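Sending over a structure as structure tokens; questions will come in a sec.
Chain nomenclature is as follows: A, B, C, D, E and F, assigned in order of appearance, with residue numbering initiated at 1 for each chain independently.
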């Protein structure tokens, strides 16, 4: 069974058609790399795929569930990482991740979380409010979710590399490869070149008016 | 300079205004002691905090040093590979 | 359940971190009330007559202003997206959030109200009636208000718009509440008004969560 | 002289001054508060009109006058901070603000508890009472604005502007009794020239005023010391004084070595 | 001069693009005023007595709500940074912006006021006094208020805090204005009050631009 | 005379010292490339250099004027391009640029502006409110200032390449080189590698706690 199945997607913003007739079928272990110019509609496509915004026409199924009809079941094995980071500015990195784990039924002890944070170079910053961290550090806190969530089957990542420095980009690429090799599916966008040692299927969105 | 009241009961009675006089005096004392002790308490807390911060700074620098070593090790590995 | 409890605890923690901010609607409430005696004149009878109404208007305004913040941060930092993608249905999370918000914003209001009753020379009966109507009416404000907040959360500049959307909706509530207080001032029974407010409350608690969840989804689009 | 004053712009020096002054203020405050209040409560003659309820004067008047005084001190500190860019001036400003707010609160509720037996009402919207209430809100406004900012440098400047704008309220409070006719008593103590009050009542009142003033000074000093440490948490002098262990430089140097070696 | 004129034109253009939003404070004003007859009861004498005060309170509240927006957008999108780096001194730009804001927000209020005077059974003399005090008092509110707005613009959640900072400062103004209206209702002269308000206005126009510019710089830090 | 002269800059945020003792002297035709990890303080340094935030101690002179004392004169030949774009969301690209030109005494006709916008690939989008453009397109509108301002002597650019696609990055790099060759001075940060054929002086900010 396909992990992600999108049929005949059409997206309209205001009175403009961003794209039409997008069909995607991804099965386990596949990586879809969405490219396109600024404003081509990459973010819009990804948000439709995870069910956060509704397409003009078309359907999206994740693990067999229609994401727009039955969001709770469809989003079970889904991990979305968008332009917004989904972490509360006033809570500390640790609290944010603990909260996220409780929300998503992820069992992770405090030590486990601290371990992941240390791996991402945030030792000593675990109990500082996130707003006091720099852009890149905040991004890392949000990325820690990728390390924590063990049983996701689909990652949807919108420009995960922005604001990261070179070391972390390399680490993240390694992480993505590992996930793919363990049978995960990934949809991602980025403006940078991807240096991953894994077959990449490319979807290019043309800028249309 | 004489005590203005006959006895202590009289004193506590305050000529019939006991409630108002004592309530305002006691309320005032509570407020004053409140702000004083809060300030002293915070001062104690802060001094503990200073120690915590130094410990944190050391942890951060140590962790960064460790990471750097690890990364350099990795780079070495990579650059060694083609030679062997 | 764990998920819901964690939402509750998180919102409490967030409110605690911003406790200075939590006092602001309260101070606003007191300030608006002090404006009136100054504008209208200090005569105790006038103040007593308009007191209940003034407290209610001030309560509505300050709750509305504080309400803006209910989903704003969650929207801005993307937590809301994550709630939608979490296994717990959104409308349940929403109920917890509205309830927490009410708890954090109304308790201080209750604590300060004896003082204000004193400022405005309310009688004891009026005071009791005021408290009862507030107790029943404010959750109604929170639940119905949350719909408005959810609708305007994507617009960044909700403040006034929100007040505009909501004030007309609260007018019936205001009428029943002040009429209850007026009855109390004349030592008449005021169960009927309370019953109506209670009915409105039940109705809104039953229906608004779905509406709020839907509005939030729309503003994500 | 000027240079000497200017040197207190340095937190380290200011901290030293606070340390020196703190105990003096504590001693004077405790002594004069005890003497003044015991004298006022037990030994001053009772008022022929107000009876013993007048004894509230020994806390009402000091707190009322000093609430205004503290505000003026705060505003002056703000001015110094904005014009000469003294960091310590802002620290003083935010240290005294809560103390002043508490004093205002005390004057409000003691006045209220005095008003009930005298005027027959807890509260009335007359000019002096209202403007004193506004003073409380001005204090709260300055404090809220300060806490709302993350960066305390910025917070100090912002709250300083607010404190200076609010100064207009001070003359309004003081002259309110003359501009509007009210229930509240006119100036008796703060009148220029001879006070129109019996000397046996006057002396304990003066002592109480001194007591309240030094008490405010004492608490402000304690709070200012807190503020200084909190703001300079990462400066070497604080670490040297309270931190115990300072291997921070060592750790940094260590790391630099490693980079150099590579 | 060209630069200042372009600031004026730009703010006009922006206000025009958001003209729906421009109406909001106005509608809020009307709504608050309509709340009162509902909360207090419709007796004409009571309304007449409290009318001037209610209009002033409503005007202060609605101006406060609309004011938040004065520098918000410019701050958020970085235009403010560009103003600071432009050759024109910031305090001059600030004067133009405050003036434009006042123009856009007060004119509708004047247009609607005859209607409200009618609602609240004000006499003609009271109406004239009301208009005069508003004409002198509202620029004062704009200029002093702008200081508060500039101070809170970096805080993102200014709404309530702003009201809290500013209402205490506006209270003297409110007292003088309502006392002028009261004098008018008794057919007494009210020049003294107008003179005081005018003096306050001149004072604030002279000093506040520097304070606003300073506050904006602080917010940028 | 040096275009940019910074002496003994120290920057503190909250209670943390980001950097201390930064000394910079740039003369005409030099390019300073500021690097450093996320949170090292690059943005903070740049904002101090252009006078938007005050340093804890230290002075900055631009073209001989102290930027913190005499902002109007010092910022005469300065062009700052920060994380925020400085364009109004409700105005169109054209209006935004016209307004900016009036503010900064730049003489540019409507055709000139339209020409620059066309060069940046925004033909046809000139009169659409900026908020309806995508992240990268908005960035381009802001960048148009670099094409319009002819007589600036100093550019301060904070991560100018974010959200741009490859074509535009190349074009922007070419523009920067041109400006340098014509005697301009540039201070910039970026996380990407800079591929400019021009001598680069590098300032690396170390992350310190």
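To be clear about the criterion, a residue touches a chain if its C-beta (ideal position, glycine included) is under 8 Å from a C-beta of that chain, and two chains touch if they have at least 3 such contacts.
Note that the coordinates shown come from a computational prediction; the quantities given were computed from them, not determined experimentally.
A.B. asks: Which chains are shared contacts of subunit C and subunit E?
C.D. replies: Correct list: D.
A.B. asks: Counting one step for each move to a touching chain, how far apart are subunit B and subunit C?
C.D. replies: 2
A.B. asks: Any chance you could check whether A-C or A-B wins on number of contacting C-beta pairs?
C.D. replies: A-C
A.B. asks: I'd like to verify one number: the distance from the centre of subunit A to the centre of subunit E, where each centre is the average of its C-alpha atoms, in whole angstrom.
C.D. replies: Measuring from centre to centre gives 46 Å for this pair.
A.B. asks: Starting from the mean Cα coordinates of subunit A and subunit D, work out the distance between those two points in Å.
C.D. replies: Each chain's C-alpha centroid was found; their separation is 53 Å.
A.B. asks: Could you put a whole-Å number on the gap between the CA centroids of subunit B and subunit F?
C.D. replies: 43
A.B. asks: Where the CA atoms of subunit B average out and where those of subunit D average out, how many Å apart are those spots?
C.D. replies: Taking the mean C-alpha position of each chain, the two centres sit 20 Å apart.
A.B. asks: Note the residues in subunit D that touch 2 or more other chains, in rising order.
C.D. replies: Subunit D, residues with two or more chain partners: 130, 134, 137, 140, 144, 148, 150-151, 153, 230, 233-234, 252.
A.B. asks: Specify, in ascending order, the residues of subunit A that touch 2 or more different other chains.
C.D. replies: Answer for subunit A, listing residues that touch two or more other chains: 124, 132.
A.B. asks: If I count partner chains per residue in subunit C, which residues reach a count of at least 2?
C.D. replies: Expected reply: 21, 24, 27, 31, 34, 38.
A.B. asks: Help me check something: in the complex, which residues belonging to subunit E touch subunit F?
C.D. replies: Counting only subunit E, the residues touching subunit F are 2-3, 6-7, 10, 13-14, 17-18, 73-74, 76-79, 81-90, 220-221.
A.B. asks: Using the touch definition up top, name the residues of subunit A that touch subunit F in the complex.
C.D. replies: Touch residues, subunit A against subunit F: 14, 37-40, 124, 132-137, 139-140, 162-166, 191-192, 209.
A.B. asks: Which residues of subunit F touch subunit E in the complex?
C.D. replies: 50-54, 71-72, 75-76, 78, 80, 82-91, 95, 99-100, 102-105, 129
A.B. asks: For subunit B, which residues count as touching subunit A in their complex?
C.D. replies: 56-57, 59-60, 62-64, 67, 71
A.B. asks: Which residues of subunit B touch subunit D in their complex?
C.D. replies: Residues 1-5, 11, 14-17, 20-21, 23-25, 27-28, 31-32, 34-36, 39-40, 42-43, 46-47, 49-51, 53-54, 57-58, 61-62, 64-65, 68-69, 72.
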